[in-house]
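Chain lettering (A, B, C, D and E) follows the sequence in which the chains are written, and residue indices restart at 1 in each chain.
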């Protein structure tokens, strides 16, 4: 490896203790959180731990959104994913899994290497695609993507999306109530 | 190093906020015990220090020196993660709270949203702590805490929405700035915005009590039903951290009520505004939380949900409609 | 519908009344006694454990070793023994042991004592980690007291 | 490309998105229980959202589009979680199991 | 165990409420089979503090059992003293002087108030309100001081003797009782404002835990539980003993059958007890507190004897079988809470955990009295 001289150390120290340097460190932490959370969510045997991993992963994703200049989406990520989705999933676990036996992988022995191989292939392919592709330079912005701009867009250009979200949520509410009531054995 | 540079200021504010949260948690326990004592016509803590003022330190030392037991059969990872999940978001929320116009950790534009986002993580902490304890009482408590939080998030957010509509901002400092002047400029007395504003403050306060699992809504740690609920298996500092998180949440809830309705750091008479007014209002509100705890019996679970769905949510929506109608009328004429 | 609002208002009012009561008591002085610093004075009839009464004339116990207390005790916690000294008709008390671990403080022994040799003590601060501390030699206590 | 300014590069975000997508894919194939599959699906959605946000930041002329689409995904995810929860509970009530393979066996 | 076997096939789980649980008063264990927060089956398991009082009676003399009676229902010990005294007096044919009877009624009713006050506090504590407990204790403390000056102890009184009393009351006690009643009268509105009219408490008690008259009859429930189900039965009225017929008082009856009815019965009983005490203090005659001649060694003639009194929790009755010796041949105690608790399993079926605890609190359990 590259021999580390005193000058290097001083360079790194100076680079670290600037706003940009600290931001870089935080970004690395967020990446680590995402990776650790995702791995934890997928591999841990107990479902409730998976949910904790998922929550961790989403907190990391929220941090990444913050780096992408959209704190609003970052906070919504925490509010909706951690505060609502994860809790809903853990509710499902509590209600539907009284036994605490380990919920390991599928019984089929061949599936594990196959799915792992497919996942690695997918990751490799996407990464290569991302690295090789020629992305266009940042074009001129028509607005700066702040909360106000999002709000204006939502109610003008993308009002259809806005309506669709509410429709989907309404259908989801009604559907889940119907489903949950239909399966009830006792009345 | 420049103190005004962003990373340094962030670190300083973080340390200050952690200290504030810890100190508050410690002394709110003292206030609670002393208040309970005098309401019940006894003295309360009095041995350690004058008026028992050093009692929190002694308690803290005791909790620190106790062994952190991880009982056999619990899920060790979740069991240890849960207290952190309760405390850290609470402390993060402190960063955005404006103690005065300048005394604020980070004056970000989405402060209100940030507090709600982090407050929602708190529930996950209780849920995981309860489930990870593998104790039947703790599991029941965790389920209760979550359904309670979900039920009361709705009216709380709707009430806050009407305030946001009035203020046109999610920035807490800006919301306070708009309430400058005499106390009838505070949002709670703005009857010209909506006739239900004082009522909606009460609704917000009740929701805040429920969200922080305080009596009379302490279903999650109902000691006569569930021992200590989700915290049953915790000992030593694990319990202490949970406790700190609980009290930090109370402080945040009360601070939010002060900022949204009671004019934050604004002086009621329009002069000499500053952090002292904020603290006075904050602690008055916290005292009323303590006062309420030692007055009422605990609600029953159905009563709790009925209160939310039948009373608070209708009031919140009526308030929202009134406010928006008023704003629309202002635009028309 | 009117019932809904009526209940809402009366309920809120009842909650306010409750708060008023507790704040009123908050301002009033405390009623508790700070135990280790202050001590309650026991009433004259307080039934503590029993004690031998000293005869003012002789300075010894009034006990005539009739054994009535021992017999009347429901839990058998009293052991009395005496002996007749040479040339005397009356028995003299040699042992009076009270096993306070069994005593239920019923007072039947005091009632059964015809010469009035037993009385209740006013001790209530009795705490010890050792069982032996509760086996009182009342004769010795009598001597110590005089 | 310095270790400390990785956050200025689009590729880095795409790699994170790809990772989330791949691991979600793996989990979807690998998990036995319905809830585990749901968790994996959430990861896939998160990967997609990260990609959207990254392109939104680096290449989109209107920076609100990606945000709106991500918000849309969040709404979908919330609805999905609610529906999935009720399906899981309904399935559990009927079959006393949330194991996907058990369900397949019961069907035959 | 059958419960565990069931719980594996159904969606239920078993929770042990007690013997070391803050909600159970004493060492009662209730095995709850729960379906979520709903109670599928609540099985009270007794015997943790069984002390063989009935057998104990057979090895001592008649008088030596007296201290034991106060240790069963330690909250209303004097009623138990009273019941045993009456039973033995009936057996041995001992006349009780009138002054002694009045003093017995006064002290017994004072003790009933103290028992109800403690129940009130503990019940509200079960419902999560801590402060009323200490207010009630403040009043109860005055009362115990009063009883201590005359009986010599604060809880496990052994004050009555066959034919009379252990010792007489004095002017201080009479004045103290009157002062206490005045004080409590002025405090009762406060209790009602703070607790009874509180909307939260009303929501938790009204229509919660119904116990029908039919169920009371089936399980033999007595006392406030029975009177809260609309049945007017009070031993003091229905099978009068002592000087109760000469005193004017009402028996509070509520027909709502819910926890609130039982709560109100007890609160009204405090008022009625105060009325009884005032009248008895007015009518208190002079005279001896013990009959002229009490046989030194009581030997009731052969036979079967029965006495019942109204204790704070219901009918306490005692059945004596004497074989003519100085020791009881058989002594059977019927303690009210045992019957009251036995309906718990049926009454709590399908209730929420919190409501079931309110129901348990409204039964006013004293565990040593159940186990005896």
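Quick note on the criterion: a residue touches a chain if its C-beta (ideal position, glycine included) is under 8 Å from a C-beta of that chain, and two chains touch if they have at least 3 such contacts.
Treat the numbers as computed from the prediction; the structure is a model and nothing was measured.
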Shared interface partners, meaning chains that touch chain A and chain C: B
Number of hops, chain B to chain D, where each hop joins two touching chains: 2
Leader among chain pairs (count of C-beta contacts): A-D
Distance-maximising chain from chain B - centres being C-alpha averages: C
Core chain by centroid distance, with centroids computed from Cα atoms only: B
Whole-Å gap between the CA centroids of chain A and chain D: 7
Interchain centroid distance [CA atoms averaged], chain C/chain D, Å: 73
Separation of chain B from chain C, taking each centre as the mean of its C-alpha atoms, in whole Å: 50
Chain centre separation (chain B, chain E; CA means) in Å: 44
Sites on chain B at which at least two other chains make contact: 39-42, 143, 294-296
Sequence positions of chain A contacting 2 or more other chains: 72, 76, 84, 91
Where chain E touches two or more other chains, by residue: 13, 131, 135, 138, 194, 198, 200
Pairwise chain contacts under the document criterion: A-B, A-D, B-C, B-E, C-E
Of chain E, residues touching chain C in the complex: 60-61, 63-68, 71, 131, 135, 138, 145, 148-153, 156, 158, 166-167, 190, 193-194, 197-200, 202
Touch list for chain E against partner chain B, complex: 13, 15, 21-23, 37, 124-131, 134-135, 138, 194-195, 198, 200-201, 203-204, 208, 352-355, 357-358
Chain B partner contacts - residues on chain A that touch it in the complex: 17-19, 22, 46, 48-49, 52, 55, 59, 71-72, 75-76, 78-79, 82-84, 86-87, 90-91, 94, 100, 146-147
Chain C-touching residues of chain B, taken from the complex the two chains share: 35, 37-43, 46, 291-292, 294-296, 310-311
Of all residues in chain B, those that touch chain E in their complex: 36, 39-42, 136-137, 140, 143-144, 215-216, 218-219, 222-225, 227, 294-303
